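Across the two complexes that follow, chain A remains constant while its partner is chain B and subsequently chain C.
Coming up: the complex of A and B.
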């Protein structure tokens, strides 16, 4: 077939097609690159940076979820430089994260925890102030706890992709930036139709279903490597 | 070596309010030449051959950028002049906008001719609002004289965000969105403003275009070093007797600018390139000002022996933490961590462990941040740790 792009990933020769990203080609070849903001089939966001890889000749690492493959690329997905960088990134997310895993409803299915475990991260080396936002629990379909948000923006993109007036947007800058509802109003009872698009893909405990009386928490076991 | 005025040739010479005064001193001749005697390809080739590199900080070869947009498919191409001048300690673009708006307009029009654009924008820093009428009048006068020739040139004002000087955030801002960096590729030359091929250049870069077209690439490339051709306009401030805007040939030593022209005394260190720039101690004052060594957008802030390094680095980091757009993890979280650590050192409550962690953090920020802000944010910390480590170690909590 024409239109094939030849490249190497971790020394192995692989092929991709025009328009494919490094991440897609890697996954096709059974190579696991961690991602936090990427959502399959939606436009890449590029915010979390966890998917960075080393591309020969590039000054910096590149985001694999949004960088298209090119002929002759030589890529390392798990070099010491890449791993060291990913560790710092997760530690930075944990630095401002509330120490609330024990009582978090999503603890067992939390992607942030899984990625931290995969990278063998314990207590983060870095500290920052924490965000304290009141839990928004007025809505019958969704509980929002922005103190736990890692700002991946998946919910923003997922909601937008539904086509209606999006529920969420970004506001403020730097460390204070925040995914907001409306003009930074707490989620009310009216907010949205019960589509769950955002809850299902939120990688942290920031968005979850309200627990109904007598209901147990989703008790899927957390798989920790090693 | 004295100053060499190429970019600033007309400043304080012509009357910046009257286009006739500019025409009398040879204004718009380069535009006539570009439109009358040259093909777009010849224009981009001339700019390429001159070796001109971007003056907004990153130093990307101007001709290569133009050629990318010239050959990119697209019906509506755009030229953007970056007059956001947000870097701490820079005021050279302001001086140019005030003293010689016509040469800038000429440069923009030549750029439009080169890439086949019919529309251009000047993105003006919010704090330069007072220049709006002045610039608009210059555009109107050029239009009246027929120089715009169907090209539409509009001014767009920023609202005070440092990140909106970054090219992709700037385009978001013009599009009416929240200004945040975009990932690249695609690059603006193929998919920029409203997804169309776009070139974006700093004010000073565009000021170099008319003289290059008029005098030729050879004339231009005789000035400067191997990889840094021409002159550079510097904004010098801080502990100097004569702060101001100076233009010198690239490759000149920093000492000349700081001690001879600006007449600084008892220099302790110099910050070159603003908040994301480099820090050099006094004994590195013979470093040449060139892309090969240090340069940035030409902000030169001088600190004398009475200044506290940690205080300066801390405030630099507080600025960057405040101005980070917040999109990517390393910059949003990393600048905050750094600002908090530096605050502790500032108060004499630092720890050696945190100092070590700063190095790992810096490396991750440089390698993984989405745009130049996060990538260059650790510069001041890393440089000061290299040259002034004692200042840190003496602030470790006892």
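Coming up: the complex of A and C.
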């Protein structure tokens, strides 16, 4: 009895165990909540807010990736309010994201683009304002293009979770916020162990492997619904 | 203030902001050397110290002028024509937002609410408050800072 938590998601009765988050219970039950910063098995970040859901009795939408389930919770994961919020969030991300998809390495394997397509986001509604940072290619195994960063902080958490000296952190504030290394300096080859943990999980084209001559880059086609 | 200066070895990371404030007060900004030394002595990564130092607007990671002007940009001051005050300061000093006069006398910045809304528009110069500003008052006020 104590080990089970009963709640409803989208009107359907489901159960979870203590300590589980709303997102985990939802995914266990085949409900797809979009996420951008969440990484399974790593501590939740709660930065992207795409996983917000409506919880009955809660004044605000809550981030499902970091909110534990509680007895009797009534949750809506795809209500009009939730969908509208998610759309605006992605639209805002795109408003400061460079229009470089055509020549971006992530192009059709980009998570940000996939989520934008899933949420059926159209042409920009907001006045766009871009970041311009020089591309950092000092590291022989990683290219960092912070102009494309959406500040999900996955790389920060992934690097920190490795247990060695963490290499990334956040600096500045507001629109100027940026993932930095050290004294906001390029990440050289000597500090980084090239584990690729951050590159593999970067949802945008901000972190990538350098292009090598003759290397194939295969990717699935991106299907835009419509 | 610690007698030995800002890089007195400390083991507690909760000291970080106090140490940064000390450096700000002592040097007028937080120099890179201090940031690296603090990271070392508190045993936290440099990016974390720099992250904190660059986040707070009352800490600066670049040298500032001897006197720092901070005009309030929050709503009540805005409604009381703070923009005219900003213009007056810029015109008087011949510098733009965030800039420092070539003689190092003034740096011009904006700040969020400083709690003087009842006497808007307001500004800070260093630790001093100046309230009920008009563009005409600016010249006189700036004169008293050398």
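What we mean here is this: the second predicted complex is superposed on the first by the 215 of 226 C-alpha atoms of A that agree within 3 Å, B and C clash if a C-alpha of one lies under 4 Å from a C-alpha of the other, contacts with A are read in each partner's own complex, and residues count from 1 in each chain.
In this text, a residue touches a chain if its C-beta (ideal position, glycine included) is under 8 Å from a C-beta of that chain, and two chains touch if they have at least 3 such contacts.
Worth saying up front: this structure is predicted, and the values here are computed from it rather than measured.
**Student:** Could you say whether A:180 touches chain B, chain C, both of them, or neither, answering first, second, both or neither?
**Tutor:** It touches chain C, and chain B stays clear.
**Student:** Counting touched residues of chain A, say whether chain B or chain C comes out ahead.
**Tutor:** Between chain B and chain C, the winner on chain A residue contacts is B.
**Student:** Quick one: is A:89 in contact with chain B, with chain C, with both, or with neither? Answer first, second, both or neither.
**Tutor:** It touches chain B, and chain C stays clear.
**Student:** Quick check for you: in the superposed arrangement, does A:47 touch first (chain B), second (chain C), both or neither?
**Tutor:** A:47 sits against chain B, while chain C stays out of touch.
**Student:** Which of the two partners, first being chain B and second being chain C, lies in contact with A:170: first, second, both, or neither?
**Tutor:** A:170: touches chain B and chain C.
**Student:** After lining up the shared chain so the two structures overlap, which partner does A:192 touch, if you call chain B first and chain C second: first, second, both or neither?
**Tutor:** neither
**Student:** Which chain A residues lie in the overlap of the chain B contact set and the chain C contact set?
**Tutor:** In the superposed arrangement, which is not itself an observed complex, chain A uses residues 170, 172-173 for both chain B and chain C.
**Student:** Given the complex with chain B, which residues does chain A contribute to the contact?
**Tutor:** 44, 46-50, 52, 60-61, 63, 66-68, 81, 84-85, 88-89, 92-93, 95-96, 125-129, 150-151, 170, 172-177
**Student:** Going by the contact rule at the top, pick out the chain B residues touching chain A in the complex.
**Tutor:** Residue list for chain B touching chain A: 161, 163, 178, 180, 182-183, 185, 321-330, 332-337, 340, 357, 360-361, 363-364, 366-370, 375.
**Student:** Which bits of chain A are touching chain C when the two form their complex?
**Tutor:** Touch residues, chain A against chain C: 165-173, 180-184.
**Student:** Touching chain A in the complex: which residues of chain C?
**Tutor:** Touching chain A from chain C are residues 32, 35-36, 45-48, 50-51, 54-55, 57.
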